[in-house]
Structure formats: C-alpha cells, structure tokens
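Below are two complexes that have chain A in common, paired first with chain B and then with chain C.
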Partner chain A sequence: MIRKCSKLLIIFIFSLTLTSCWDYEDIDKKSIAISIGVDQVADKVQFSSEITKLIPSQGDTEKAQTANVYNTVSYGKNFEDARIHYDAINPFPVFLGVTRVVIFGTDYAKKGIESYFNRIGSIYDYRKTLLPVVSREKPTELFDIKVEKDISVGFLIENTINSLANSGKTLYPNVGEVLSNIALDEVGYVMPYVGIEHGHIVYLGFAVMKDSKLVGVIDLVDTDGVLYLLAEKPILVEAIPDPKKEENVYSFRTAIKKRKIKTNYMNKKVVINIDLDLNAALRYQYYTQPVSDKKIKKLEEMISEKVKEDMRNIIKRSQKEFQCDIFQFAKYFRAQYPNIYKKIKWEDAFKDANVNVTVKTKIINKNLADPNAKKKY
Partner chain B sequence: MNESLTNRQIAFIIFGVLIGYGVMELPKNVAENAGTGGWLSLLIATAITIIFAYMITYLSYVYKNKTIYEYSERLTGKFITHIFMIIYIFYYFLGFTMITRVSCETIKLTILLKTPIWVLSLLFSFVIYYAVIKRLRVIARVCEIYGIFIIIAALLIHTSLFTQGKLINLRPFFVLEDLPLYFKSTLNMIFPFLGIEILTIIPFAKKNHKKVFKYITLMIVCISFFYIMIVESCISVMGVDEIVHYNDALYATIRRVDIPAFQVIRRLDGIFLIAWIMAIFCTITIWCYGAIVLLSKLFKKIHFNLLAFIVVFMGYIVSQMPTTYDQVKKVLDYMSYYGLVVMGIIPTILFFITKVKKYDKKMQ
Partner chain C sequence: MKRKNKLFVEKIKTFSEGKFGVSVRKLTILNEEAFILYIQELTDGKILSDSIIKPILQNGKDTMLTIDKIFSSVIYIDDISMDDDENKIEDYILKGKSIIILSNSEKYIIANTLKIEKRAVSAPQVETTLRGPRDSFTENMDTNLSLIRYRIKDPSLRMDNFVIGRRTKTNVAVVYIEDIANKKHVDEVKKRLDEIDIDGVLESGYIQKFILNNTFDLFPQAGIVEQSDTACQNILEGKLCIIVEGSNLALVVPKTFIEFLDTGDDHYENLYLAIFSKMLRFSALGIALTLSALYVAVVSFHSDILPPQYILAIATSRVTVPFNAFLEVIAMEFITEVLREASIRLPQQVGAAISIVGAIVIGQAAVAAGLISPLMVIIASLSMMCSFVAADYTIMNPIRILKFMMIFITGIFGIFGFTLGFTFIIINLCSQTSFGIPYFAPIAPFNFQDLKNYIFSDVNLERKRPKFLNTIDKTRK
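For the complex of A and B:
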C-alpha cells in the first residue's frame, strides 16, 4: 500500500516540478513580437516592432487568440539602450521566439548590419531561421501600412517571400545562412529587398551586401541571373520573340537540370567556369505557329543566349559595380585550390576573375500542344 | 551477484559511455583542428582507439569474471594496484561530476534558462543514484534501450540536416599538404573516444566468447561513423568557418534548421534535446558506476548502496564547486589528458605484463 502511494507521490511531485507550475504564465501575459524593424535615425538605433494583441476567445476564457497587432518604436544609442526603452513601453516581457521577419531600414543597412546578425545568432529566443529583409522605406513606414492581405506586415512579407522562393522566383536566405556567409569573409551576399508601391508592400528585388553593408540593389527584373546561379531550384519564365515574326512570342518555363561551377587558377588569375544545363517547356505561343525541329534548335539557342546574357550581366555588375562575390564562388575556389586560396586576397582576385558561362538548353515538351497539326479544310 | 553481460550489452555500454556530452562540441573541435578533412583524423583516431580497446578487451577476456582490480593485483601486486585504483576512481569520479556539471550548464544555457544549476544537478543525482544501485545489468539494459532510441533520433536528425546542408561546405574533403595536420589533430580526436576504459570494470563471463572482440570493434567503428555523420552534417549546414565559434556546435546547427514538411516537429531541437539528455544520463551513470564499483573493491565492508549514496552525494557537492563555465571546461580539458593514462597507458602496461608472463596461456 505504502509502495503504491509512494509511486503516486513521485509521479505527482515530478509532474508538478517538471511542468514549472509555480512560475507558469499565460500566453497573453507576453508581448509576442511578429516583426522587428531596425533602422538608424540620426545617431540613434531605432527598434520598431509589430506585437500581437491577444484577447481571450469568446465563450472560452482559457484560450487566447490573435486579434490584431500594435506597433511600438523605441530609440537608443546602441541595441542594449534601445532594448531598455523597448521593454519599457511594452506591458509584458517581449518574446521573440515567433518573430517572422527582421526588417532593416536602408540607412541602417548602409551602415552595416553584421552586429545585429550576431545579436540574433546569440540571443536565446530569436529563431535562427528568421527571414531578414532590407526595406527601401523606413520600417516604421512599413508597419504603418494597413495590411488587408494578411494578419500583419511581418506575416505578409514572410509569406510573399516564402511563396516566391518555393516557386523558384526568389531566395529565402535565413539568418543562419547569412551568418555563415559573414563568417566566410571576403564574400558578399544578397537579401530580399522590399518597399512600398501604390500603398502596398511589395518585393522589389535583392539588396546587395558587401561587408554586411548595403552597396546596391538588383531590380526585380534583373534577378534572373542571380537565381540561375544561387537558387536551389529556380523555375523562371523566358519570353523569346519569334525570330521571323516579331509579334509572336514563345513563353517558356525553364528549370535547371544541372549546374556545375568549376574554378581554375591560370597565370595568377582566377577562372570561373559555369556550366548550366536547362530544361525548357514551351507553355504557349502568343499566336500559334508551326514549330519545326529546326526552329526548336533555334529557340533552344536563343534561350541559352538570353540566360547566358542574364548571368553574364549580373556577374559583371558584381565584379565592377558591387565589387564583391555575392555568389560565394570563393567556396568553390577554396574547395579546389585551398592552398592558393590562403595566399590570395579573394576580394581582389574575384574582381579580375575570368568568368566563362556556358548554357545548354533542351526544349523537353510543348505542353501537350501540337502547333504542327495539319488542317483538313 | 551475477553481473555478467551479453556481448550486445557490452557493446551498448560502450555506446552509452562514449556518446554523451562530447557530441555537442565535436563538430567545432574537428573543424577547428582539421578543417573539412577532419573525417580522416577521426578515422585515424578510431584505428588507435580500436588498438586500445583490443588490449582492454583482451585483459577482460583472459581474466574471466574479473575486473581490473583483481587482475591488476595478480599482475602488479597490491601496492601498484592500489595506486592504479586510486587513479581510476579519481578519474571516474571527476568525470562523473564534471560531465554532470557541464551538461547542466549547457541545459541551462539552451533550454531551462531560469532553472538554477543546483536543481538540475540534484535531479541528475537522484536519477543516477537510483540507476547505479540497480547495478551493471540494469544499466546495460537501459543503455540498450536508450541507445536504440538515440540512434534512431540521430539518424532522423542528421539525415534532415544533410538535406538542408550544402555539399560545397564539406569540400575540400582532403588536402594532401594538410596530411601532417590531420595526423597532429588525431590526438584531439581521440578524446571523444575516452570512456572505453569502462571495459576494465566489466567482468566477462564464459558466454562472452571470442565474438566479444568483434562486437566491441564493430561498435567503435559504428561510433566513429556516427561521429563523422554528426560532424559532416553540421559542417554542411553551417560551414567550416562559422561552426568553430560555437561551443554548442551541434545544438546551434540544429537550431538553424526548420523543415516545414515535418509539421509539428519542424524544429528538430525538441527531439535532439530528449535524445541528448538520454545519452548524457547513460554516460554519467556509467562513469559514476565505475567509481563506485572500484571503491567497493577497496572498501569491501561497506554496503554497495551506501557507497553509492556517498559517491553520488560527494559528486553532487564537487559538481557545484567550479564557479564558472570556463573552469569546468578547463577541468574537462585536463581530464582528456588524464584519460589517455587510464585508457592507454595503464591497460597497455597490464596487457604487456600478461603477454610477457604468458598469463593468457596459463589462464586457458
């Protein structure tokens, strides 16, 4: 009898202690930050955020549900100072464990964001898979936009970038990946760039970061080259005009079959060879025209040339305009020539590197359409 | 009391004692010492460990139903045996206390931010005391069950990590010019294999025929691959340049990964922490048992359970002594060198005495 009771007692004590019952706090006693904005205002750091307003759901007072969000702003001469002010304006302890996105203002991004990445990397409750973006407008302006399409600005940005990345149209670099790039030294990286257009928050392209400082922007229309080089499975659309009939356009969906990046070191110069095998599917033509085998070959060449040009342009920009290796070719070179990599300064070597791009395209289907069908009448 | 174990149980005891706190910083240590070619250093370290393991197993195999205390007395006399025993007892005791402390520190810094260290240590002490008084067979069975769970969890976690990692982060796999570095860093790579000396306190029974060598070697090879899997998966996600900055490299890597397809367990840290704490429990229990069992050989009159209580209680107090995390780390660093004495030097001496005096032939 005593033995049975003692077991029950042990279970009871353990269930009490292990669930931390004595300092249990309800979820609506926490200020849950959905998005954090970091910017520079004069000589001060500005923290802005969206915080969920939790209210008990009707009929059941035990559970809480999200109603909407409220915005907060605080300033300080450094992060710690700003955080003190930030905590001072929130009614409950701030919880960063479900933060969806961290938004850097352009002014702050130009000054350098490495310190904030290190902060995210080390602070306990921040998720390391958080999405960082750079905003053309100030984060406070973004948070002031009334979002109708989603729960809040943070959710909207994360969902937009996530859905684009899933369909191969952008990159979703999380904080962890950026920290790895920063640790590599001498390479740059890109981050999604957002802004306000016609009263809506939109994805604008990529912010180019060198030494974690914003040095340029790649417009949405120019991002194809970056995606062909960096995205895991880019699925892009190429519109190729008919060589013989200008108004007819062939719309292709391209996907990477094989991407090979090899490097070389010749005459004290770095050579980067990029081989890309593409599969293209003809989605439709603006005006249905017969597509002969010869024409298919021609179209394949045209797609290859277009993609090659996209890639060449962006690589040239990174070498001349941004002057940093945003594609992390350094990893490939180091993998092949670790000893030479130790001796050279990659940043300089990359600027003068010879980059050869080869693209081979194969049109694999015509979307079940038969443009060559013969008419009987 | 019959303390004999099956070959499989012996192999899992090795798994239990080796896989523990060390895996947390293993990727960092390998990346720091040998870069992306660290897998080779680990393999060389495995080969050296197998040699030591062979010698220890051979001793236990020759002297059936005897632990190091008995056969050392026969080989070297009472006085030297007592010195050996003091070395071993102090080693196991220090290992038990410091691993408890460093694990509690890590748990506090990673999940239970508000829980004081003394509470975590106390909880460990209770459970460990309960486990050790049930003696070796029960510990071995726990190691078997936990071991299988840990292996399944680790396979799931590290396969998932590989899917999120990049192959380019693992290259260069091998740099010819770095070959001396790989050999040099082997010394550091042996430390994760410290713990196999626990075989010296496991009495082998008649049923542990020659196959026990195969089991033990195979287990060490498996653990070596297990280590390589951990290191490579972490480096593939984080890259060799960044991982070196994290003392909790494995946990930091796991926190970097979020797999939406896994739905509720999309963040793998929950599974990892359960498996890791299970692994730590096995490790600490075995180290503690090592200290108690050797002490009980010296103090035969004191009841085992009382001795266990004294050791666990003293261990709890000693584990609270270091004031900072760095102090604990320093003690563990020194312990690694100490470990080479108990894993390598003493068993080697005993092995060669056995061979020279041809005890192995006499025993058969």
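For the complex of A and C:
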C-alpha cells in the first residue's frame, strides 16, 4: 500500500515544487490590455495602452455584449519605472495575453526599438505573435481617435494589417520574426507604418528599420517591389497600358509562381540573382478588345518589365538610401557561402552588391477574351 | 408402516402445524391416504387441482394406487420427478414444487406447479434504442433465456445454471456458445460464480461486484445489457452473458472500455452513421470529463491559450460573477448532479416540475442575478448532456466522479494538473483488465483490424471476431 502511494506522492511533490501555477487569478479580475503604445516624450519613456472595459450585461437587453476600452498613459525614465507607474494606475494586474499590437511612436523608433523587442521576447506575458507597427503620430494620439469600425484602435490596426496581409498586399511581421532578424544582425527589416489621415487611422506603407532604428519610410505606392521580394503569396494588381492604344489599360492580377534567390561571390563582390516566375490573370480591359497571341506576348513582357523595375528601384533604394539589407538576402548568402560571410562585412558588401533581377510572366487567364476571335463590328 | 414412511409422516406433521406456510392437502383414496404438500403463494392452484388432485381422486376411487402408478399414469404434470430423501422435501417445497406422499410408500413425487407473477416482455427502459428490437429482458429468468434461445438456435449454445445465495437460492445462468467462447473465460466465470458465498442475491449488480477483479476499480469490467438482441450479439462475438433470476439486466463479460460506447444501432444502421455516432460518443465522453476543468484552466490560469476575441468574450460574460471560476464550476456541476439525482428518484408525475425548476433557476435566474456566467450554464448543461450518450450508462458513472477530480486538480495546478489528472485516468484505464483482457483493447495493445471493425461496426466488413477475445472460432464470415 505504501509502495503504491509512494509513486503518487512523488508525482504530487514534484508537481507542487515544479509548477508555478499558483498564480490563480480569474480573467475578469485582470486588466486586459489590447494594445500597447511605446514612445519617447522628452527624456522619458511613455507607455500608453488600451485596456478593456468590461461592461456587465444590462438585465433585460438581449444584445450581445461588446467590449469597450479606456486609455491609460504612464511615464518613466526606463521601462521598469514606466511599468511601475503603469501598474499603479490599473485596478487589476495587467494581462498582456490579449495584446495584439504594439505601436511605436516615430520618436521612439528613431531612437531604437531593440530593447523593447528584447523585453517582449523574454517576458512570458506577451504573445510572440504580437504585431509591431510604427506610427507617424504619437500612439496616444492614435488611441484618442474614436474608432467606429472596430472594438478598439488595437483591433482596428491588427485587423487591417491582417486582412491586407492575407490578400498579399502587405506584410505581417510578428515579434518573433523581428527578433530573429535582430538576431541576424547586419540586416534591416520593415514594419507596417500607420498614421492618421482625415481623422482615420490608415496603413501608410513600411517603416524601414536599420539596427532597429527607423531610417526611412516606403510609401504605400512603392511597396510592390518589397512585396514581390518578401511576401509569402503576394497578389498584386498591375495596370498595363495598351502599347498601341494609350487609353486602353489592361488590369492584371499577378501572383508568384516561383521565386528563386541565389547568391554568388565573384571578384570580391556579392552577386544576388533573383528569378521570379509570375502568373498573371487578366481581370478586365478599360475598353474591351480581342487579345491576340502576339499581344499577349507583348503584355507579358511589359508586366515583367514593370515588376522588374519595381524591384530594382526598391533594391537600389535599400542599397543607397537606407544602406541596409531589408530583404534579408544575408540569409541566402550565409547559407551558400558561410565562410565568406564570416569574413566580409555584410552591411558594406550589400551596398555594393550586384543585383540581377529576371522576371518571367505568363498570362494564364484572359478573362474569356478569345485570342483567335476576329473583330466582327 | 415402513421406516421411511414414518419420517415422511413426521415431516407432514411438522408442516401441518402451519409454521412454515406449507399447506397440506390430505386425500383419502381406496386403500390409503395421500398427502400433497405445497406453498400456496407459489403454486398454481388450477394446475394443482386439475392435474394432480382431480386425477388422483378419480383414479383412486376403484383402483389401487401405488406411487409408481401415480407417477407414470395418473397425474398430468409435465415436469415431475421422484425422490426418497426426506431432507430434501423442504427445499423442493420452497422452490415452489408440490410434493405427493403416499402413506405406504418410501418415495415421493415432486411435481412442478410453480407459478410466479411476472411482467410481460416490454420495451427497454435503461438501454433505449431507435433501431433495434423492442423485446428486452424481464425479471423472469426463463423469459430471458427463452429470448436468447429464440434468437440463437445453435446446438452449442450453453446455459450453465448456478444457484447462488445461501438464503435466496437465486438461479444464475451463464450463457455462451461453446465452440466460440474462450474456454478460459468460461472456466474463470464459473470459478468466480462458484466461489460466491453470500446470503442473498437480489440483482445482477451483486454478481457484478463479486466477479470484479478489485472492489476499488473505478471503471466497470462487466457490461449490463437489457436488450435481448444486444445480448445475443455479444454472445455471438464470443462473450458470456450472465442472467440472474429477478434482474432485468443481464451482465456481459469480458467487456473492454470502448465497447461500452457501442450500441446495437451502430450495427444496424449505415456505415457512415456508425462512424459518425462513434466519434460523437467519444467526443461527448471527452467533453463530459474535461470541459468544466478546461474552463477553470482557461479562465483562471492560462487565458492566453485562447484567441483574443474569445478571451474578451469570456471576461465580459464573467464580469458580474462574484465567485471565482473554480467555485462557479463546482457549484454548477453540483446543481446539475443534484438535478439528475432528483429526476431519477422523483415520481414521474412531479418529474416535470424538476425540469422547470432547473431550467428557470439555473438557466435564467442565476444568470440574470449575475451569480453565474451564461457561458457556465452552457458548459454545465453540455457536460451534463454529454454524460448521457453511452448506451451502457455504467461507463458514465466513473466519468461523472472523475469530472470532479479533474476540476479539483485543475483548480489547484492549472493545465498542468489537468494533464496530470488526465494521464492518471489513461494509465488507470490501460492497466485494468477484464477477465484477463486489457481494458483498453484494441487501442492498447493496438490492433488495427479490431479497431477498424469496431469503428465501422459493419457486419459485412467484420470477417473476424475480436482478436483480444481469443475465441475458439475466430471467423464470423
């Protein structure tokens, strides 16, 4: 009997000593933070956040309850200090498990956000799938906007970026990915850039981060090149004007069939070869015309050229203007030439790297425009 | 008067005093006296008078009657025998037989005039079914045996009889097919039945307790069966059916865990429906066991495991609840268990009242008063509903108890405790045996063929009997 119980006892003693499950606290007795803003105000760190306001159901209303939020702001000379003040203004212990977005103010982003990422990376409270964004305006200003489209600013930003990323129109880098880029050193990365326009919170493009410091912004209209290089399944729309008839425009939806990035090291220079196979589907023409095989070929070339140009431009910008490898080509080079990678300084090597881009496009869907049809009238 | 005869007369004298409730009917015929001993309550009076008294009196008017003559050519009873042991007389009478003694004979006749009040074969009450015959077992053993015999006309069908209970002398029959059932199981069951030494057996539950491996095992190792077709299905599979006199629930041994979630319907219905309902039953069993505990784990310890929107929904629904999640769950589960217990015990006429009270008090008032979160009501009722899915309800009883264990251990240790508790249950299940068969077969030890047959439950695909039963005849088709 004792022998039987001893096993049971061992398991219980182990569980008692090894678990840290003594933090019993019901979820409704916690301050649930939906989004966190981090900014620099004068020489102090500013923590702002949206905390869920839990509203009890009104006896006879049959309506589903929706969460509401209130904003809090706290300051401190460092994170710990700011956090003490932050905890001091909240009625319950702050619960960060629901936090969807962390918004960095431009001032703070320019100073460097690595320390905050390390904080998120090492503290268990946060989800590692958190979305980091950089805001043109101060996070407090963002939080002050009355959101009608969603539960809160945090949810609005997260949902906007998420839906755009799902349809291949932006990137959704989570904290885990950013941390791995930071760990790679020498490479930059991009984060979604948001701001306020006409009283609405909008997605503005990408914030370019070098050494985790904001060095520039890629506008929404220029993001195509970045997406062709970085997005998992970019689906973009390309408007190609008819080579013969200017006013007619062919609207294509392009999708990547194959993306191949190879690196080389020749004459002490890094060579990066990017091969892109695109599938394009003709969605419609501004003025419907029959499309001949010849024209299809021509259009394919034009799309390829356009995409190539987009990519070249953005790569050139990253080499010259941002001077950092925001596309993480270093990962490919390091895998192919680990020894050379150790010797060279990638940041400098990338600036002078030869980048060759080849794009092949195939129009797979002509939207029922018969290539053999003759014009009847 | 002969020596034996004296002893008989003494017996008759003692019985005549009326202490034993034995009636003595004295008949005077031509040359001597005849005595008929019987218990009035157990005896069919019509048979007694028409088939025994009447022929004896008529024949005895003008012919000499001997005991042999009465036995062979006078009385009309089908089930009769002769004996000369005076000590057995009492036993026979108590079993409902009538004894005929002649004043000058050394033997006596035992005639079966037993009459028992029995209810007619009716639809099953415990093991209800949608598709399947409605003739279920009754409290009468002969009826039950006849229901089996009528379905299985195999000459190798065996019905071994036992008399258990020093005082109740209850008949127990072990039914199996000799050339299918594993001999080891048959011998083991018979051995265990032989070893039973108790004053009385009133229900098959008594027998079940005696043939178990260990009194403290939580999960039942013998199934109960009320439908005669299910019993036959089990017998055909190579199992043993134990029928107890006075009990409408027969026992089936050996039985593994997953077989408790099998119903007759599965075998009669479409293959896809069988698979679907099996999955449904298994997930329901899982829900009944774990849902409330998981709620505690999620609300109180690891809210992070849910997507943000869900967490917000739970948090909002719990805002007014004054108790913590653990107490809330315990209270709700307690209330639902009380409701269940009350609805079983209550007379049918007031049964409806309890459901109204339950629905209003728990469903509406508690939520409106902000004492219980609406989500908790859903969880408690779902877990309650899920505990009714098994055809053999006995498997759900341990689940109901273990549910509380899971809630307690999760309330203390969070998801770690949940895992701990769940592991204990699985280990317990895997280490049990039912008459030497691993309780978790055919999952552990794994047997693909058996598992496939179990899930498909299709007689067309089931060519072999379950391997774990190790039957003599292994093929079905």
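In the analysis below, the second predicted complex is superposed on the first by the 331 of 377 C-alpha atoms of A that agree within 3 Å, B and C clash if a C-alpha of one lies under 4 Å from a C-alpha of the other, contacts with A are read in each partner's own complex, and residues count from 1 in each chain.
Criterion: a contact is a pair of C-beta atoms (placed from the backbone, for glycine too) under 8 Å apart; a residue touches a chain by one contact, two chains touch by 3 or more.
Only a predicted model underlies this, so the values are computations on that prediction, with no experimental measurement involved.
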Touched partner set for A:Ile34, first chain B, second chain C, both or neither: second
Partner chain(s) touched by A:Arg127 [first = chain B, second = chain C, both, neither]: both
Touching partner for A:Asn339 - first (chain B), second (chain C), both, neither: first
Partner chain(s) touched by A:Leu54 [first = chain B, second = chain C, both, neither]: second
First, second, both or neither for A:Asp185, with chain B first and chain C second: first
More chain A residues in contact - chain B or chain C: C
Chain A positions touched by chain B in one structure and by chain C in the second: 23, 127
Contacting residues of chain A [partner chain C, same complex]: 11, 15, 19, 21, 23-28, 30, 32, 34, 52, 54-57, 59, 65-67, 95, 97-98, 100, 127, 151
Residues of chain A touching chain B in the complex: 23, 124, 127-129, 174, 176, 179-180, 182-185, 331-332, 334-336, 338-339
Complex contacts: residues of chain C adjacent to chain A: 298-301, 303-304, 308, 311-312, 314-321, 324-326, 368, 370, 411-417, 420
For the chain B and chain A complex, residues of the former touching the latter: 110, 113-114, 168-169, 171-172, 175, 177-178, 237-239, 241-242, 245, 252, 255-258
